[in-house]
Each structure stands twice: as structure tokens, then as C-alpha cells.
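Take a look at the structures listed below.
Each of the two complexes below includes chain A, the first together with chain B, the second together with chain C.
So, the complex of A and B:
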């Protein structure tokens, strides 16, 4: 019963990864694509070109810094949202549903909508005008980097919110009672009683959201279009452009393989942290 | 969260264990701070959402000027989106492809997960680990080889593959399977073994146990993994942008066409773009909100999207 799915995954994931490795070693462009098996083998030249003569490291820098800055912004927002939505109040169910929406909106919709709002004369700049700020260009030039971060943050903070909220469920009532009996103020209670419970969920959320941010293709692609402004040319978009705009397939494959290296470390941490089995192995809280 | 929650909570986000209504002991934040946080975040979320709707009933010129409130209210945009770009075909393709993926994926996932949870064999942990690792493989790495394979295959068989719904279906199915299987693994772990053991003593085969016991018992998990598979297909732009033609393109690609339709010179058809965005988003949001309790657990189990 394992077979059908297993075969599919080998067919559409494992073989392509192997093929990507192969393509990254040959000189493949739109002229040789049809006969890709006989494309000239050029060893590591694609990697050398990617590293020295292409904006790959620039893209890596943008991808990594973008992923990290988004985390720095969304983590506190998510924690605050979870703390605020944990206790009962009237309308909490509604608030919780609304909090989910930015996260569940398809990225291509988020990109389309914010692209409209961030137009030079768009509604964002109009609102900024009201408070006396000159918004400037958001979809081009250096500010586009911050536009990308802002939009990704807008749509991804609920992920931290969800994980922290489920982390809060693991705090027993007795813990709250003990803190109250000891007369802890709200901040003391949060800092020394509640936050330690959240360390695990937050660490996991940081890793997963880093992986997602760094692989994020749809949002930058839709928000800025191709060719992307160099300030938001993240690695997935650059790889895509190398393939399907400049038709440098070998070079593109080399970049894609390199992106595997980027995610290897966080992925390894993630795999070690996740409890794989019903048994007792895996980390304790 | 995969590591620390009980099995049930993977799928079913447990209600908070608050014993009495608004017990001050359980309170995490002072009331004013809580109200402030909720209010600010509600604004941050709802204002853009409200804007989408406002712009969708507005004229293009007014949207281009950056008006928040419509200068004139018109619902014509909702009528034109079906003819300017043929969003209907896109919707149809997305529903067919993503819906097909959802159904097939859920049942393949449940059978795979059953084997992974109930049998011990060499390489089982490797497969479990691979299920997680495969989710993080960048799509950009896979896209090119899949493209090359499909185009060589069609040269060999003489049938066009790229551009068909079938090609998209196979691709999405494979991308959805690891996560869906993982969701089912976490779900099946929570099922008691006793029923299966009783059936086994009565002489039931593995197939019978799967179809008569496991699947009927795991509907909530199957629905969750199916919905996630559906969303993967619905939300994808990367593969759809390369592997579809105007007849087979999905909504995600169709929406991009609105942006390209009036670029240069004239005012882009913003109103229709926003109306179409809403049409693309509403099914997804409704799906989430209806199945919220179940889906949230799945979201936190592997962090999809």
C-alpha cells in the first residue's frame, strides 16, 4: 500500500532532484533542450558562473536577510496576538477567525492586492500623505525590499500566532494559580512562568517559517513581476528567471541546487527536533 | 505543534482549558493592553481586506488615484471578470485539478500512513523523515527537471503533456503527498489499535481493515489532508505559470493575466483585478473558516504553505 505514493514521489521528486543535479553539470539552453541527454558536459562550470558571474550571492543575501527580518517582525506580533486571544472575551471567536485570514489568503491574491495598493499613487501612499509622509516608490528601487518584507510579514504573522496559541494550551491551570498565589504581576508571570513554555513552539516556528520565507516564490513573483527589481531578486525568482526568461537551464539548475545547500542546516535542525515516532525518542519539552 | 502536543491536538485544536468564564487567575495580559493589541491587529488585517472589497466596486480611475472609498459604486466589475480574462475557465481548471488532487491524495495518504504507523519495517523512520524533508525542497529545483521530463516524454509518446491538466495533476499530487501523509500519520497514531486487532483475530485482511475500519474512523484526518492538497494546487503559481496554456490555466495564473491586460498606457483594470482576487480568495477562506478547528492543528503540525 506504500507503493503507489512511493512510486509517485520517486518519479516526481527524487528523479527530478537527481536530474537537476545532472542538468547543473551540462550546458543546457533552449537550443539543446530537446536533446538534453546529449548536451555537452561542462563539469562545475555552471556553479563557477553562478558564483562569480551571476547575481546569485546577491540573491542569497536578499533571501536570507529577508527571511530573518520577517521573522524578527512577525515573532513578537504573533506572540502578542496569541497572548491577547488566549483569554476569553466577547467576540473572541470572531477575532480568532479574522487573525487567520491573512495567513490563509493565497499568496497570489496577497501579491495582487498589495501590488495595487502599493502603486506610486496608490492607496498606501495616499494614506501616508494624510499623516505627512511621502511614501515614494514601493515596487521599484531600494524601498521595494521593505515592501516585500512588510507584505510577507502581514501575511505570515498568524503562523507564529497559531503555534504560540497551541503552546499556551500546554500551560496547566495550576501553573496560573501558582503564579497568582505568589502574587506575580502580569509581566513577571509572562516572563518567568509562561514564556519558558513557549520556547519549544517558538523555536520550531522560527525554523519552519525560515524555510518557508527562503523558498517563497509566489509573493515576490506576483508583487513585483519579472524581471524583478534587483532589490527583491530573491533566489527562487532568480532561478526562475534564469530558466524561463534567459533559458540558461544549466545555470539555473546550479542555482537551484545551491538553494538546497541554503536550506540544509535549518532542515536538519527541524528533522532532529520533530518527533518521528510513537516511541519515546525525540526531544522532551 | 508536532513535538509537544498530544496526538489529538494535531488535528483538533483543543479548546483552551479555561475553567470559568474570564477567570482573573488565567489572565495573561492586563485588560487595556489586551484590548489594544486586538484592536491594532484587527485594523491591520481588516483595513486591507475592506480595501479589496471597496476597490472591487470602484472605478479603475478612482483606484488608480488611490481612493479608499469608491467614488461611485458599481458592481459591473463582478460581471466583466468572466469575459475579460475568462476567469470561469480558470476556476473550472483549478477546481478540477486541485479537487482531483485532494481526493486522490487523501486516500493514497491514508493508506501510506496506515502502513507507516502500524507496521515496522526497515527504512520506516527514513521514510517518515523524508516526508518532512520533501516538503522543504524548493519548487524551483523541481520545476525545470519536471519540465524537461514531461517534454521528453511527449516527444517519445507523441502526445502533448505540458499544458495539460494531467501534468499539473500529477505534479501537485506528488507535492501534496508528503504533507498529507504526514498529517495522516499524526492522526492515525491517535487511533486505538484494539479495533484492528479484533478485526485481525476475526480474520480480516489488511485491505479489509484499511477500508472498513481505518478509513471510516479517520474522516476528520482525511478531510484535513484533502483540503491541504486542494490548497496546494489552488495556490500554486510556479508550476501553473510554466505548465499551462490559456485553456488549462488555473485561477492563480488567470488572475495574473488581469494585471497584464492593461499594462502600458491605459489605466489597469484594477477594479476587476480586485473583484477577481476576492473570487479567488473566498473559496479558500471559507474552507478554512468552516474547517478551522481541524485545519489549525494541521497547519501547526507541519507548517504548510
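So, the complex of A and C:
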């Protein structure tokens, strides 16, 4: 019974990870690519180089902080949108569809359009001029970090909205009635009655969104290009440059394995913590 | 991505599934006419750049070439395209790794050293050169990036896209300037005269991923610095610093470029020139003709060689390398794993005949590498004569597997300097520290060459 799933897992996960581990231990570059199986074994040299002579830690810092900030911004927006679109009102179907637009647009479309808008003489700076603010440079320099966060938040908040909306559907009607009978105000009801139901979906959304944003390659690549300005040198772009532009597969595999371990640790802790909470399906009676 | 993978599998299956017919050509016949190759029933797979300016014409050209080749040898040609330089690199990597893929690759010239370093392409000996009509058939300068030296060549030049300067004849005439200066300082002076109101002297794309390094390369070589000298990177030489200072100075000191150009890609610089908002458009190629002929400056522009005298000099120093442009264009190579090598060389022979080169030029506007055809165009076409001239004065970028990294390092100096440029000034020490980073990266990459 486990066999089909097991086979799939081996093929899709175990073998590629094993290959990545192998590649990270050999000196694989453009000169040895042809006979890659006999590429010279150099042990942990790639890891040492990744840790000491490459911008890897800087990239990890940027990726992680960027993912966390985007989450902090998009969570309240998504929850508010879900609450707003939950009850029936005229045009709800239309509103629900419009809410999804940023999420369903392909990442490179989002990136290309925003890159045009964020040009020094683009739409964003022209609008800011009207209000008297000098927008400055968005696609390079210190502001580029905030531009990346803003564009990613813009395109990914519907994800929270979707998960929270589905969580809201699972709230029993009796609970709403009970709260109404007991005379709970809207904020009290929200905080003590509804939110406990959302713990599960929100936790899931936080984990998935964090992973997705850390691995986000298309958006930074299209917005800022290669080589990336140092302020937005995120880990996926750095790995891409190392492997596909510099042909240094061993080094980039080491970076990838390093980042896998780095992310797996807090993730494991977080998953463990979340499991303890989802024993409850709602507020204790 | 999926479609390309499927195509790759199909191509691989096609190659594997075909039995080898006895190919008749072997042994050099001495003269420049190769023996006929029989490829009945076979398909030759070619990877070539997608032409974004002429997509429908390119499709028609594919069909045309396949039909002609079938008439000549009985084999069809199946074309596969890549959309960008990044795709091209990825395709080469996957094919080299798996040992199967297209028989023939059309590579950008600056990628030829990287391809060479994988060791996956056929070296051109006397036999192969005879099969493609002999070395004398080609414009000599275009052969400069066929390999590290004459005995180790892998690439046959297919088309040429040399870089030149475009200028607005009307604006220059109005300012009383006869023709563009032949020194970078002189050009900057002329551009200052031509900067008034919202019209700027030059249109330069500082945020492009490819344009910036060509300026620095050109200026460095003209000052006598080849950037790579016998396995050592010489980016930290004073000549390179002078090149960056001049390049950045157009924004910060001379103010002859639009301040918004720190965010421009090449297309935006061309658009500014096409709107008549800039007098000079340096580092452009003949492909800009398409845009310019349909724009406000149609009939009012001309091409000229880029300046040959480096910044800070009034005449070329003694050890100057007369680099008008990089050797730019497409080279064509044959994969080692290909089972149809003779057929591949027959195709290359066909594509580099004067007739085919003329068709290619008429369809896509790319300069021929066939010497006969190049001479014909230089005679006929006044607009393009400077471009043919530039091709003859082209100098190859260093032939080393590390060049990809060196190029990236040169562009990186510009990318990391853009915030300073935008704020209005950049100090010499900032430029120096960025160049140091580039020098270290370049040297590290050269040290890894095997």
C-alpha cells in the first residue's frame, strides 16, 4: 500500500537530493561537465568556499528577512479580505474573483509590469511627483529591497485570503448563533470565537508562504536582472548565477544543501509546535 | 520548458533511431568544393537563436533552408530555437551532460570560449575546413573567435553583428558638426554641444545586462590593456579605472545623458534615439535599422565606427589595440556526440555560400561572414558600409572559459554603482573598490581554468 507513494517519494525527492549532495562534494564545472561522473572528489571544499568566499550568508539573510516581512504584511490583509468577502452581499462573486487576480498572474508578468512601472521615469515616480515626493531609484540601491517586498506582497496576499476564507467556511453556524445570543460585539466575537478556528489554516499559510517566498526566483530575477544589486541578492538568484552563469555546479549545490539545512531546522521546530495546537478544533467548551 | 524537453527527447530519439548510412565523404579532396554527402531519410537537428525582430520571416527561412538542404543531400533540417542567452547556456549544459541533443549549434560569439571549454564540440581540422569551403571564404576578422588558436578551432562564423555608433545627421548638421569624433573625449565634447533642453548628446543604457562591459572592454583595449594577459586578469590596471570614470562621467560630470538612463535597458536607449531625443547612440548594431527606419529619425541617421582613441588621450598610444568592436555575431559548431557530422558540415557549407549569406542578410539584416558577400554589400550600401568596416576591425574577447565570469564581473561594477550614479556623483575610491572586487572574481575564475 505504501509502495506507490514510497516509489514516488524516492523518485521525486530522495534521488534528486542524493544527487545534489553528490554534486556538492565534487568539483563540477564547465570543464568537468562532460564526464560528470568522474568529476574530481573534493569533499567539503565547496561548502567552505560557499561559507567563506561567497555572498551566501548575505543572501540567506536577505531571503529570510524578506520572506518574514512579506508574511507580516500579507497576513492581516488576507484575513481582512476574507472576513469582508465571507458574508453574502451583492457583487460578492465579482469581488471574490477580483481579489484573486494578483495571485493568478504569472510571476514574470507581474515582474515585467512592475519593472516598467518602477523605472526612474515610470508611473510610480510620476504619481509620487504629483504628491511632491521624489521617488528615487526603485530597481537598484537600498530602496530595491522594499520594492521587492512591496511587489511580492501585492502578488501573494490572495494566498492568505484563500486559506482563511476556507477556514471561515468551517465555522459552525451554532457558534455564530451562540455568540449573537450572548451579545458578543463584533471584535470580541472575532477574537475569541472566530480566530481559534483560523489557527490551522493560518499556520499552514504561514509555513507555505514562508517557503514560497524564500524560494522565489522569478520575481527578483525579472525585476532586477542579473547580476543582482547587492540589496536584493536573494538566495535563489545567487544559486542561479553560480550554476547557470558561472557554470559552478559544485558550489551552487553546496549553497543549496546549506540553505536546505538552514531552513529545515526552524521549520521542524515550527511544525512540531503547530502540531501541539491543532489538537483543538475550536475554543474549549 | 516542457516543450523543449519533449523536443530534446524526440531529437535524441531521432538521432538514436537512425541507422548510419555509409557517408561517402572522407579524405580531403584538397580544393574548396566538398564532396556530396548522402543523407537520405535523415534529419539534422539545429539549435539557433529565436529572432525576436523577425519571427515569421525566421519560420519561413527555416522551411526554406530545410527544403534546399533536402534537395542537395536528401536530409531534412529540424530547427529548435532558444529565446535568450541564458536559455542557450542551459541548453548547452544539458546537452553536454546527457550526450544527446542538437547536432549543430548556432552560438553567440562571446559564448564560444565557454562552449570550447566543455570539450564537447568537433575541432576543425583541414578536412572540416574543406567541407565548409575553406578558411579563405570568410572575412578574416570573423575567424578571430573560432578557437584559442589556429590549431584548435571549433567554430565557423555564420553571421556578423558588429557594434557601431549611430548618430542623428540632422542634429549634427544643425550644430555644425561634420562627423562623430574618433576619440571618446572628443565624442563627449561633441555630445556636450548637442545637449540642450530635453535633448541629450548620448543615449546609453546603464542598466542593460550586456551593453556596459563592451564600453569598458573597448576603452581598455584601446589604451593597451587586453584585460586578460597570459592567465592573469588585468582589470585593476589604471586604464580600466579610466574607462569606468569616463563611462560614469557622462552621467555625473558631463551630464550628456538622460538622468533616467541609469535605469534603461538597451531597447530604451534605442527608443530615446529613435524619438530624436539623443544625438549619438553608441554600442548599437545593424539590427537597430528595423526600429530606426520606422521611427521619427528615419532617413536622418547614419552609422560610424565607435571612437578608437581611449579616454584621456588625443591619439592612440603605442600599445593600443585598435578595437572598433568585439567580434559579435553567431558562430556555428558541431557537437562531438552527433552521428551526422558530415551532414552537419554540409549544412554549414550551404549556409556560408554567398547566395545563402545574401538571403540571410536580406531577411534578418545581419552582416555576412562570407568575404565575397561582405565586399558586395560594402560596395552597394552606403548606410551599412561603416558596419562592414567595423567588422573588419573587430577584435575577439579573450578566449578563455573564464570569460563568462569576467564579463559578469565587469557588468557588476556598473550595477553596484548605479545608486551612486543616480544620486549624482561617484567617487574614484568607490570605483576602485568595485574594480578590486571584479579583479578578484576574474582572477579566481582564471585560476580555475583547466
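The criterion applied here is as follows: the second predicted complex is superposed on the first by the 246 of 285 C-alpha atoms of A that agree within 3 Å, B and C clash if a C-alpha of one lies under 4 Å from a C-alpha of the other, contacts with A are read in each partner's own complex, and residues count from 1 in each chain.
Heads up, the rule we're going with is that contacts are C-beta pairs under 8 Å (C-beta built on N, C-alpha and C of every residue); 3 or more make two chains touch, one makes a residue touch a chain.
This one's a predicted model, so the numbers in the text were calculated from it and none came from an experiment.
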Partner chain in contact with A:61 - chain B first, chain C second, else both or neither: neither
Which superposed partner A:121 touches (first chain B, second chain C, both, neither): both
Chain B versus chain C as contact partner of A:244, first or second or both or neither: both
Contacts of A:196 with chain B and chain C, given as first, second, both or neither: neither
Partner chain(s) touched by A:137 [first = chain B, second = chain C, both, neither]: second
Partner chain in contact with A:256 - chain B first, chain C second, else both or neither: first
First, second, both or neither for A:84, with chain B first and chain C second: first
Contacts of A:236 with chain B and chain C, given as first, second, both or neither: first
Which of chain B and chain C A:170 touches, first, second, both or neither: first
Chain A: partner with more touched residues, chain B or chain C: B
Overlap of the chain B and chain C footprints on chain A, listed as residue numbers: 33-34, 36, 119, 121, 225, 244
For the chain C and chain A complex, residues of the former touching the latter: 86, 89-90, 93, 96-97, 114, 117-120, 207, 209, 259-260, 262-263, 401, 404-405, 408, 411-412, 415-416, 418-419, 422, 445, 448-450
Chain A residues within the chain B interface of the complex: 1-2, 4-6, 8-9, 11-13, 15-17, 19-20, 23, 33-34, 36, 77, 80-81, 83-89, 95, 97-109, 112-117, 119, 121-127, 154, 159, 162-163, 166-170, 172-173, 176-177, 180, 186, 189-190, 194, 200-201, 204-205, 208-209, 211-212, 215, 217-218, 221-222, 225, 235-236, 239-240, 243-244, 249, 252-253, 256-257, 259-260, 263, 267, 270-271, 273-278, 282-283, 285
Parts of chain B lying in touch with chain A, wherever the complex brings them together: 1-5, 9, 13-14, 16-19, 21-22, 24-30, 33-34, 37-38, 41-42, 44-46, 48-49, 51-52, 55, 63-68, 108-109, 111-112, 114-117, 125, 127-129, 132-134, 136-146, 148-149, 151-152, 155, 170-171, 173-175, 177-178, 181, 189, 206-207, 210, 231, 234-238, 242, 252, 255-256, 258-259, 270, 273-274, 277, 280-281, 284-285, 288-289, 292, 296-297, 299-300, 302-303, 305
Residue ranges of chain A in contact with chain C within the complex: 29-34, 36, 119-121, 136-137, 139-142, 225-230, 241, 244-247
